[in-house]
Amino acid sequence: MSEVLKLAHKVSRAPKHLATEVDGNIILMSVEKGVYCGLDDIGSDVWRRLAQPQSVAAICDALIADYHGEREQIIADVLELLTALRRQGLVDVG
Amino acid sequence: MSAERTAMESEAAGDLYLCGWRLRSALPLPELAPWTGDDRQPDLTIRTGSIPARLDGARDVSPLLQVTPEKQARLSIDGVATYWLRNAGEVIIAPQMADDSPDIRTFLFGTILGLLCHSRGLFPLHASSVRIGDRAIAISGMSGAGKSTLAAALTRRGHALISDDVCAIDPAAPGGPVVLPAFPRVKLWDDSLAAIGIESAGLTANRLGQRKFYFRFNEAGSFQATPAPLKAIYLLASSNAPLAGRSEIETLAPTLRIIGLHAQIYRKRTAAIWGLEPELFKALGRIAGPVDVYRLTRTAHLDDLAAMVGRIEAHAA
Amino acid sequence: MTGGFSLLASYPRSGNTWARAVLTALARGDGSLDINAIEGQLAVDRFFFDDALEIETSDLLPDEERRLRPITYRSAMPTGAGTFPIKTHDAWLTAQGAAEPPFPREGIEAVVLIVRDPRDVVLSLAPYYGLSIDEAITAMADRTMSLGISRNGLRPQLPQLISSWSDHTASWRGSGLPLTLVRYEDMVADSVGTFATITRALKCSAPVDLLARAVDAARFDRLRADEAGKGFRESSPHAPNRFFGAGTVGRWRQALTAAQASRILRDHGTVMRELGYDG
């Protein structure tokens, strides 16, 4: 899985995961890998948006609009987050 | 007619309380407090009867336990009894010992109670719980970690026992998670009893010939008989290594709360086979938000018991 | 029925943990080793049994625990059993209450039995269990000796019948199982060669340079320093964080009296001679 994540990639939540929420922040568990993953505010926001499978670009666009942040920074952060989630078996790319 | 009604009334008069359920039992259950709630029909019936060797559509969870997708369960303890959780409101027991043997109740209030919680939508935590002040605290950990010993020691200091070993939580109660009381009894080994200053002579043994005993709290006020809001959970961790620089009670960040609590779901493997994992994981979040979760590190010895009890009391106040 | 598994068997204080440390370092590939993360589950961990059986095994009597062990292993094995050997101090004997030896014979793919001169074992056994040397010699000759029986308090393990030192050794050698015997003394004198033998038996052979690196990562002075610094969760309450000793051979010649040494020779001479522990 050395393929780098790209904006055009479509991402979705992996089917076999557990999710819960503590004080607004989402905590995930990959059943397959047995690892837990705690998400911060923005990460939790991305995860909520992933209720619908969509392209990485679409997620970035939505965040850029909502957070008025620096475009390049948001894209980098989202790619890093989704890459990590994919490595943990929590996100599928297809 | 009136003889029958008297018989029915007297049967109802023997009803008991367990985790918020009205329980009618054909077997004596001396640990349990009487039912003092409303006049509902029993939520749960326990009776003796014959049990099929194999449940329809059953799968083996272990050499001792079979379950079905409809949440039936059959637990077999050679020489003691077979238990059939026939539905969420009925347990049938086929004893291989005298009906009033404590051994039978040992497994009834262990695995069977845990599976009842799962089938009835309660969240069973592997923990003992007491009321400190006006709220419940739970002490959680694996077997031998010290849950019962600490709970018993705290109860002896005037706090009320809520449950031992299985802590039934309603994570969705209005106002926040509550603990549903079980009964005022702990199970303690000889060494724990000695550490608390209780004589084992005269106590009922958990299993015939075992040096682990039932200790029942009989004094008024030593049992919290109504549901109590859960304020804190202490996860017991043992330590061989020196604790240099590390406080014994450590507040846990949300992710560590979830990881710690997830490991302490009672009879977690059967619950997973019943497809309950996703909702139990969600329930963890509902508990870990409003309830404070701490890691309580202690050495394996019982010498520090008094100090540990004092520390918990002060911390939970 | 679960898949096959391998066993790393030994009488206590004979180098089992050291062997696992080397195998862990080998498996990790980067040469690093954390003594509190040594692989190789203990065969009798209570937590494993509680989960495998779905009851609180603390509610079982010792005879029931003994009977259920091989039955449980047929339905489940500790995590990692497919890729790393399971540690055991059991003798290959049928214990009281059981109907067969502790492990299902048909599931065992390989056994590596580590033996050590009982005169050196006793020097390590005594402080670990809080005994005098003479008491430890008596314990080593006791054919009914067991570890982990919950009598007045709960032990974190299920019972293991270890028997006497010579009965323990003879039981495995006479078991008819696929057995490779290694001597602790050879692990010390020729570490790489002996671990080559061990890894071959466990079907995890590795090139000599990797073996050498793993042996180096688990050197005794390193294990001891690690334990002194961080603590070791397998150390005993009688000697906290002094699990790893000097890892020497033949210290008995200085530390035992002539009377003690000949007691041991009298108790275990037959098997000692078979293994080359004559001198």
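Going in written order, the chains are labelled A, B and C, and every chain counts its residues from 1.
Methods note: a residue touches a chain if its C-beta (ideal position, glycine included) is under 8 Å from a C-beta of that chain, and two chains touch if they have at least 3 such contacts.
A quick note: this is a predicted structure, and the numbers were derived from the prediction, not measured.
Student: Which two chains does the highest number of contacting C-beta pairs join?
Tutor: B-C
Student: Going by average Cα coordinates, which chain is farthest removed from chain A?
Tutor: With centres defined by C-alpha atoms, farthest from chain A sits C.
Student: How many angstrom lie between the centres of chain A and chain C, each centre taken as the mean Cα position?
Tutor: 46
Student: I'd like to verify one number: the distance from the centre of chain A to the centre of chain B, where each centre is the average of its C-alpha atoms, in whole angstrom.
Tutor: Their C-alpha centroids are separated by 39 Å.
Student: Could you tell me the distance, in whole angstrom, between the mean C-alpha positions of chain B and chain C?
Tutor: About 36 Å separates the centre of chain B from that of chain C.
Student: Write out the stretch or stretches of chain A touching chain B in their complex.
Tutor: Residue list for chain A touching chain B: 18-23, 25, 27, 29, 31, 36-38.
Student: Quick one: which bits of chain B touch chain C in the complex? Just the residue numbers, please.
Tutor: Of all residues in chain B, those touching chain C are 60-65, 75, 77-79, 106-107, 110-111, 142-144, 165, 189-192, 206-207, 209-212, 239-242, 267-270, 300-301.
Student: Give every residue of chain C touching chain B within the complex, in rising order.
Tutor: 46-47, 50-61, 64, 68, 71-72, 74-76, 150-156, 230-233, 235, 237, 240-241
Student: Quick one: which bits of chain B touch chain A in the complex? Just the residue numbers, please.
Tutor: Chain B reaches chain A through residues 253-255, 257-259, 262, 277-278, 281-286, 288-289.
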